[in-house]
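Below, subunit A partners subunit B and then partners subunit C, in two separate complexes.
Showing the complex of A and B:
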């Protein structure tokens, strides 16, 4: 058992590493002979077998040289290649003056190709990286250099409304699977020349670009360095999405408490940038990864700031109640019913006692049964095909609850308790926080079963102690509340926007003041 | 590291399992809502009556048992409450618990004896016992009282007592007190417990609140009457106060627990009629005790507000300051007279007072010993008590003037 656990947590599979070395791309310069170069590409892409690599041979009339345009089917836009690469080459008129054959590649790159993104490359390794990212490679006979032309043409869906972080009032665009579009969405929010977007590459076999965005005049340079170092340390053959990246960046991947979060809202990403956080974007991921985060990032929603002060804070109070209900409600019910019946009003106590009389199980079992059913219902609700989804959700819960009560499997009050708990967990804005409370809820139920209120209090104390001790990229989880640091006090409740003039110092911003001071803490 | 881990798990398990013994499911418990205590046939024995709520009656529709009684009443003779509780288990399938016990009824017989303080004193040791339980003294044996108490409106016994006790705050007929206050006043201070009976004791009609339980002229209706109070001293019943005296004793406290009370006074304008007033207090009663002189001087200033919501003489008070002053004076005089006679009664018959004046007097001493030596109870017997009522009229009801029937009559 312990061996198994050890193996599980160490992640050893027993297999030696480094199986794909024979496929590594040789880092060698191009040859002067066009056919040799072409052959190399064909070998690398396993040409006749693999139909991905497309070739288009042509004769450049003006200099009378053979040339070859290579691109990967599906990754690049063939229309663009035809109109902006091949057509200008074919239409090139010979220059009246002396031909400068020495600078043919530069001449072509600068004066012939009409497309804006182009680059001279000298070796095969670079060329392949460009090819798989959608660029076309122009090889010219007799030249040791090639030109990479940016013709990426991946299919993209258009910017849509967010599906997780829905607001009634406020911007309604969400990130899509294209990093370029996502960056433009953020730039639209934060119009500042100091918004830096650094590009890094992750994945040794199938490299992916990851963009690190931060405000150079706000973000703590050490934090940025820290994040970049973490990214460069990642050693995997391929990383497909940001969610995978999220786990690789985390210090405590086994912890229930998240240390990074994702948002699908460009406006939220923008506001995090302005507080000094680092935002990561990656192709194929319709969200942005925020680091570091605190409890407040998980507890707040975008709408809190969009709504007027009172409305936004009202929503926050409700959400706080929901958080506690979701975490503690079943445990409190269990503790009260089995340990502290004197706490309930006599009428309610008698009603529970009467309905429990015919239930054959102890309260704990009854509670776990219903809780489990609800969790299954929720899981099923996500997987069920959309036309059936709503039916399963509402009808399932109601009918199941009703039937369980009639069959004397559970008492009616418990159905109410579980329903409120379930509803509350939907009110928690962040997926991570929501799942965390769902899991912790079972811990609380167990401790309530063992020791009643004392158990709940002990577990809560342990949980709080742990939560205040952990850090995400050096920022404590409950900062700037505990440990207390100067901030605009946008914590459980938010002050009016005019008083939010100070960035939380827990983020160690280079420039803490947003506006002329008005109320709140002084740094 | 791993050994430490196992040790930790072991400690946690011990910690966690330590609570298991206390756990009990609701349906396995029998919740006692009322306890009755009576003198047993032999000395040092008590008859304990448990009234146990039946959860299946009148609580929830889904578990309704139609033919069962709303409560089960068991009487056990034993030496104390705890052994009676255990003995009752011989006939009862569920485990008896006092966690929802709200009312303790004591037969007058037992309350007047020495045994009562022992029984109730040892009962409070039980951690299940709630100190906010209300103590009621019944004129007849508590067992008979519990059996006879079958209110029409409230099927479940706990609800009846709950509503009844809420009522006291609005009428003042019975003192607002509980077991906790009872145990606070063990040094000779007087404690007032509610007085109740199911018997009828016709004494003819008196002024509205001067009755004791059983004397209220009532035809039909519920059998129980709760009015007046039993005076307890050192855990022993020593006398009774009627409704009026009970009300006044609440008013004379520094902090009045009663919200409003309705009472009648002779109409100052028409001696054939009485006028009904609703009284409440806007500020706390002011008490000043001078312990330096003999006899002790006690000054009490009671601010009361009066509302005229019924005016059977149909006299118009609103137009004349003189008439209003006359009304104020009547109230003041009557209240002061009644208070003085209550004080006189207490000074003559008992040592001590139920108004918590001792707390004010105690402030004049540096140590508790000094105060104990002072012997407040004896000093109070001879004290010079000056009670002053400050009456203000708040309103004359929704309709300012009474209807003009009288004028019509006079006109004819």
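Showing the complex of A and C:
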């Protein structure tokens, strides 16, 4: 039993994996003979069984050497290769002196190829990594080096509007699946030469590039180092998306409280960068991973800052109420009805009693039944085909609710309570926070069932103690409120923009002051 | 980042811890003892206690500043290893027995005032072994931060409670202003000064506070704010229930919460105050358990003191269940308070004297 549990929690399937070794790419230098090199590539890509590897042989007229251009079908843009690699090579005029033969590779790289991204590579390993990322490899007979030309041509969708973090006022572009486009979206927001973009590789078998973005003059170097170390420790054969990376970077994968978050808005990513956070981008992921985060990153939305002070803060107050409703409403209902009926005004109390009269179940069961139905409805709603969506909504919410009340399965007041709770959980901006409150809600319901308000209070205290003690990459979850640190007090409410001159010191920014001091705490 | 995870707490967190330790006393049987001793002048006694403790506190602060040490280091340095251990043990005994007696008292309140059908053992177990143990186990940082999040809420809601009963208060009930007589009131105030002795006890945590300045500021505020809150509430109890009826009310805070009305609709809001009070109680016992474990660890020289938390919490429940009824518990509490008052009042004076004596000896 304990063995089983250990295996379950260590995530091991029991059998060691040994399959990966046979296909490892040898890290050996190129040969001088073109055919030998070509043969090696063919073997690696299992040519002709595998039709992915394309070859284009040519004779460079000026130096009278054979050359070979290799690229992977689908990964690179063949038009680009034809126009910017092959054409210049074929049109190359022989130089009068003829000394160019000594540094042919450099000569070709610097003065012939018109494409901007190109580099010299010396071994097979590097070459294969470039090939699968869409580059073309130029091999020349008699040279021990090859040229990798950046001709990536993956299909991309165009920049669209965000689907999760929708705003009424403010920029409307969202990240797409291409890391390069995402970087350009961020650079468009943060026009600063100190925005560093480091590239790292993850995945031992199918390597993917991951970009680590941070402001070198703001972000704490130790934090950046910490994040990079975490990434380099990741040891998986393949990582396809950032969401997978997210879980691998987390310190507490079992915890209900998230320690990283993703955003699909370039402007949010930019504002996180300016506060000293680190942003990770990866191909295939239409979002950016932010680390570290605090409660406030989950609670705030982009629009809070776009709307005027009063409007933005009003939205925040509503959202705070929604957070508490979503977490506590069913539990409080249960506690009031079963333990503290004196709290309800007499008229309402009589109404509740009358509506409960014909319901055969205890309140807890009634509540769990309805709560479960709502969760199923929500889960189903995500997967219902769009044309059916409204129908299902009507069937689910109206007919089911109405019929359940009429069949005396649940009391009408409870339908109202669950509806408000469900609505509130949609008002929470971050998915992680929203799901967390949905799960914790059941804990609160159970404790309310056992101990009424005392149970709720104790569970809340425990939850608070846990939440305040956890850290995301060393930053406490409720910083800079608890522990208190100097900041611009952009917490439950935000001050006017003119007073937001100080970066939160909990991120330990290198350079805390944004603008000339005006109001707020002094560091 | 490094600055954040250094395991130390700042001014506000430390103040909140002190508030959580002391201000909650208005809700248990403390007011009864004070009202018994001071009658209509009971509200002066917390202030007198605070004054009586302020001098030892300043002495301790000056010693700490001079030698840059926390209370335990001071004790062992000035009194030697054996007496140092002995005093540490006495501190532990005072803190822990207070935790035991109070935990019983709080469970008594719940079963008497709110949940008459619930087993006392159940309340004790979820409060001490459940919440307080968990919070204490998350460490001092977590305690401080949790306190910082909830203490402002407590401050606001206690003001709301006062506003809720304001219409029913009669200030004339406070007279005769001197109650049992000036001498009696002063004597009682000094005698019960261990209500605020937490301010001396937390000296053992001084090295966990970020700077000495932060410690000094927090402990001075942390003494006076709860003292004023207690004085205010004692006055309100008398103004609300009148003497002598107030002597016969077991837990005036909870009766106050029952009588509070917020508007004409919400005239039974005591459950809300019950919930808030119990969050405070969980925090209160978490701090007490933490300090107990810390002191016991120092006494028996056991550095991984967090492991003592669970046995201590379990023992708290067992010992707390042993008095037959709450009257016995209250009697024991009175004895403890009077005995430990002397300890806490005199300890800083003793240390200060020893320090002086030593300096002279050196010269």
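Just so we're on the same page, the second predicted complex is superposed on the first by the 514 of 523 C-alpha atoms of A that agree within 3 Å, B and C clash if a C-alpha of one lies under 4 Å from a C-alpha of the other, contacts with A are read in each partner's own complex, and residues count from 1 in each chain.
The criterion applied here is as follows: a contact is a pair of C-beta atoms (placed from the backbone, for glycine too) under 8 Å apart; a residue touches a chain by one contact, two chains touch by 3 or more.
Since the model is a prediction, treat every value here as computed from it, not as a measurement.
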Touching partner for A:481 - first (subunit B), second (subunit C), both, neither: second
Touch count on subunit A, higher of subunit B and subunit C: C
A:469 touches, of subunit B and subunit C: first, second, both or neither? second
Touched partner set for A:47, first subunit B, second subunit C, both or neither: neither
Partner chain(s) touched by A:461 [first = subunit B, second = subunit C, both, neither]: second
Partner chain in contact with A:452 - subunit B first, subunit C second, else both or neither: both
Partner chain(s) touched by A:342 [first = subunit B, second = subunit C, both, neither]: both
Touching partner for A:220 - first (subunit B), second (subunit C), both, neither: second
Common interface residues of subunit A - those touching subunit B in one complex and subunit C in the other: 339, 342, 451-452, 454-455
Touching residues (chain side subunit B, partner subunit A) in the complex: 2, 15-20, 22-27, 29, 31, 33, 53, 55-56, 59-60, 62-64, 97, 99-100, 102, 130, 156, 158-159, 162
Residues of subunit C touching subunit A in the complex: 1-5, 9-13, 110, 114-115, 118, 122-123, 126-127, 130-131, 134-135, 138-139, 141-146, 148-150, 265-266, 268-269, 271-272, 274-279, 282-283, 286
Contact footprint of subunit C on subunit A as seen in their complex: 220, 222-223, 226, 335-336, 339-340, 342-343, 345, 451-462, 464-466, 468-469, 471, 473-476, 478-479, 481-485, 505-508
Partner subunit B, residues of subunit A touching it in the complex: 2, 337-339, 341-342, 346-347, 349-359, 362-363, 405, 412, 447, 449-452, 454-455
